[in-house]
């Protein structure tokens, strides 16, 4: 099993979710994060005090998937999250050793 | 060493923490997340505009543990976080290559 | 490729970012988390009702790096995030199987 | 409250001076409207409504958990609306219509019958008198909301409040202010220590007991979600209370001026008392403690505000700060009931303290305006006790019956799931904050 | 609004009584200042400004997304400033200067020429009359902001509002209140149903249509960010509205008292109507619905407040709650325009309902003060329709032209990127909330 | 401020007219209470308290970081309480008791001795006069809070403020308004440019210098946490300021009306000036800039409000917007002190600008009410400079000594850890926001 972590632009969340739904993903965990990268941030100015904020609001998705689904999931995210502009985000894939569903105690692919 | 990531219902946090404490876990990192799964969300309605919100507030726990403790920790979470109703959440286990305590520079199991 | 996850004190963020910048890290994802560990929390008191809050506000950094850069990055964080007082935080290192840049579809080290 | 017999000579001194010279003018001018007093009463009415919406609703919204913030605000708001309509229909008639046996007003004024723009009460339009009184009938049930916050069903709230203002508030207001038997007995209640605060506090306590605790209380933390707003609400209450107390003179005169002053003095004293108690006990003073003390002081000076002097006011404030502090911080925990936002601990207890001490500090020997010819301080205190006691017993009994009836009919409490989810989402399909 | 012919005998009854006896005093006292009435008008002025800042700006800020909260507050604030200066320069002169052919005021009073601390209008200082009117000229364009919230360029807003108050508000105010032809025709508009609310609502609708929808509307969720603040704003609007309606009598008398009372009654009725409709339709009542109904009631009673009785007020409230509910919840969606915060649905529609029903319930047979000698209810309704119709057509046409001109010159809308980022950051380099 | 000699003939014109005919009535009516004027002063008192709690505390709470929001609100609140009690005990006596050598009031009125509900001052109850003045004594130290926000120990604040109102505020108020030497000199300060704003600003600057910068200032970002609340606070300040300025006439008359009007005009002009400066300099106008300009305008018109005309007010507003803008945006950074919320930059500087320009625009040639017989504009400006200069020097010196004494005795600053954690948690065991 794999854990897919995607950093995307906040307003793309609905699209990505829909795309994931299509490829059969039913569970996602979403976190509001701030991203720092090549995309530039904004300036805030309060009574002449200027702050350059280079963190941008981003959404992080974590999705546990079976290894078979991995390709499809990555493709779905890439397709639906892209705007073509800098800051579209990243996908990280890592390995999951175990998944447990708390309610039932099921483990492995069944628990996803 | 392993990294245990658990998604649980927010009001279970205190119970889970207590259960983890019992099995000897002293460090936890907690994030507020929104979960999307089988448990259905709620409806919001503002002046006739209806929004179906299918994300639910969840709590994500991240716990670095030694491999020996893994079993106990997973068991403690499963036991304390369950309500038997849909949406109780998941536990993900992945491998940790290294842990460093920033203050002392200690590494490995000692750093946990 | 590796994923470096660091839990640090919130007011150290700017320093750590600067240190990471120096060693050539250009992308970071930041999450506000609450940490539970040896550092003690605080007390809140409302009309005689006392709450002992043992979670502390922390910042979690996630940084995807090439394996070559790993050492430097860990060192940079350790150096810049330390205050010498309990609660300085941890660094977790795990393995990343794949990284994809959403905008271009690039993968691997190029995508970081 | 309510010097109904106020003559023009009293109300409108400068004109009175002239009138005294030209006696023929008097009969004609009797019952004439005074623009100055009317101006103040229009303002006071606005100030007292301001206490409830937005004041009290902010004060309460900040103290509940974020998931219930809208529910308490909505409760305050809907009470405002429901009581307003009932007021027009029959509440004003019940409370302030012509007295029937000292018990209740007759219904001649139901549906505002006979009240036109030309109707005068004292030196102000009767519409203004009625509106001013309405704002009191609104805030009283709104105060009760604090006791059962975070768990009552909205429909049950509507029924309870509609019945409660009818069967509790209106009669008690009549007894004390409308020409009823408690007023005749000599009970002093300038602006509502008994009618408003004891009444609200006791109803709240009964409701808290009948409904039981919030799930998880007191084991789970139930921290105030937005004390910044609570501080704002406290500030608004303080400012609006000038209309409450100084407005209860029904005129812009020296008594109103003194009522405003003693309100300020007692409040400051009570706030500091609570703060220092907390500081001594826990090592730190808190904003919520300071604000709670201020409200306790405002409550306690209310019945006394037209009768006592500055030093009496400070004494009342200190007493209120002290006693309400212990009621809220100690007694509630000791007895184990869940008065969510301390409606009883602050309003019930503070109102009682104020009612009794009014009997003490109204005495001219202690700087007050003096008791009625032939009444001793001890005698007045007994009268005050009687007034408070009657109100407590009557309010508790009727509130209890109403709550039990409603519970049997439709249920009082939200379900455990609804409570868990928060009343805002569960009962109103709304969230108070969508900040991210 | 505005019984300019009010004599001292009417305004200052108690003195009047004396004066009646000593006729020689009369001429002398004519045009004398009444401190009581002045006190109320100073207060009313403060109350109406309070409606805009902070009231309306809170009401609106809570309804937009967090990223646009400051932008609407700033728009309300800057409108306050710009209209104030234009008022001094020429708006007051245009609206309330000596009438020229029933169309507009002459400019004799431009730059407040000839107005000193000793100038009297009726029984109050002219400065106070002018200030009170200014607060109306401020809130009207501020209400419009709700229609195009979250997408207008700040510079375009400045131009639009400056031109709009000049070419729309000032003439319409003059026609109805300043001695112009609509007032002469007999149009009744006590406190601004036509001048303020229809005017603002129609301008808002036109702006919403000309500017188009917010990007993503209605597919993407655009949830209110902070309904707690919206409830606070609604409470402030309600309280401030007492100054708006009862202040429009320009005196502290029985008419003011009745105006305050009917304001309260209509508002309560409208709020409950909206709430119960929602409850029936969706199964749950909401705080936002309750507050929206209250504002609809406040709007609808505005033109009627000096003319109708308590039961007429309740009828108007129910009608307003019902009709505005359908306008906001149904019509907007059916027609598909994006009136972001329902400036048209609440103010335009509510103002229209109120304007027409004023003609009905002002009749003495329905508890009102009675229509002018020889005018039938039907006739008055036709007059009201005429007044409303003229305002709608004039306002729509001129607003449209102004918007098109500004669009051609500098563009009306923020760019899509700016809208996406939020106007607070994009246009003002600020964020409303930095809570973590 | 404060036309104490106001006779009934002036205050109560319509009655006066009658009285003139019947001279015998006059002596009797002398010193009689005017309900209309009293109504306005009761209202003004409420308005000025409203400026501090909730107004100023919101304005400040929104500008600090979230972790310090409650601390500034609590400071404003506790100042309200402490000053109130000291006022009763001796402050009123010191400031407004019978004058001793032009320096200070004697203590005959300590503990409100001799003040009953029947005491009259001018045409209003003395209680009302005293309460109105109290609200000024409250807001002045509360304004100072902005200068050292986010770092002062709570206990040190209590000591400093108690001593400061005793040794700085009371004497200066006496000198200017209580019959003291600056008033005798002819210094014009209608509503407190010198007594309130220069005084507060200078004390703030001294405190900021003595205490040093916040840790991390200016390298670390210290962004306002909740500008939405700051905008609300600014709106409340504006509205409440009508009580401050128009109330300072102590009557509801033409001077009060003009004071309210010029307050509005100057504020609008200053707000727009600041906004456009920012727009020109940084390319974007901001809500905080607009609000800051408004407050600067309110401050600057304060001393002038009873003396200048509309155009003079606009000139003063523009000057205040311009000069305070540079003080806040440029001078603070250039000199490197940390006046956290610009108490000095806005109140100190704005108060000074207003004090001087009062001397200019009070002249009848510039639309003002005219200077005293025989005083030239230059002469008046010199007098104003003298008044401001004396206040600056006296206030700076005494504030410095008090701060140094307290620092030596108990320390002024919170520890670095406490500052890091936030004063709310560190000093009060509370958090302002628990929204999740």
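Each chain carries a letter (A, B, C, D, E and F) given by its place in the written order, and its residues are counted from 1.
Just so we're on the same page, contacts are C-beta pairs under 8 Å (C-beta built on N, C-alpha and C of every residue); 3 or more make two chains touch, one makes a residue touch a chain.
Treat the numbers as computed from the prediction; the structure is a model and nothing was measured.
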Touching both chain A and chain F (chains): C, E
Contacts common to chain A and chain B (chain labels): C, E
From the options A-E, B-D or B-E, the pair that copies A-F, where over half of the contact pairs coincide: B-E
Pair sharing more residue contacts (C-beta pairs) when B-D is set against B-E: B-E
Between chain D and chain C, distance of the C-alpha-averaged centres to the nearest whole Å: 53
Gap in Å, rounded to a whole number, between the CA centres of chain F and chain D: 32
Between chain C and chain B, distance of the C-alpha-averaged centres to the nearest whole Å: 18
Contacts with two or more other chains, residues of chain A listed in rising order: 31-32, 44-46, 94-95
Multi-chain contact residues (two or more partners), chain E: 12, 15, 18, 34-37, 39-40, 43, 223-224, 226, 252, 282, 284, 286, 288, 429-431, 433, 435-436
Arrangement of touching chains [line / ring / star / complete / other]: other
Which pairs of chains touch, using the document's own definition: A-B, A-C, A-E, A-F, B-C, B-D, B-E, C-D, C-F, D-E, D-F, E-F
Parts of chain B lying in touch with chain E, wherever the complex brings them together: 44-51
Of all residues in chain E, those that touch chain D in their complex: 11-15, 17-18, 20-21, 34-37, 39-40, 43, 47, 65-66, 223-228, 231-232, 234-236, 238-239, 242-243, 246, 251-258, 260-261, 264-265, 267-269, 271-272, 275, 282, 284-288, 290-291, 294, 309-311, 314, 369, 433, 435
Interface residues, chain E side, partner chain B - complex: 218, 221-224, 282, 284, 286, 288-289, 292, 328-330, 333, 342
List of chain B residues in touch with chain C within their complex: 3, 17, 26-31, 64, 94-103, 105, 111-112
Chain E partner contacts - residues on chain D that touch it in the complex: 8, 12, 15, 18-19, 22, 24-25, 28-29, 32-40, 42-43, 45-46, 49-50, 52-55, 57-58, 61, 69-71, 73-74, 77-78, 80-82, 84-85, 88, 111-112, 115-120, 123-128, 130-131, 134, 154, 226, 229, 252, 424, 427-436
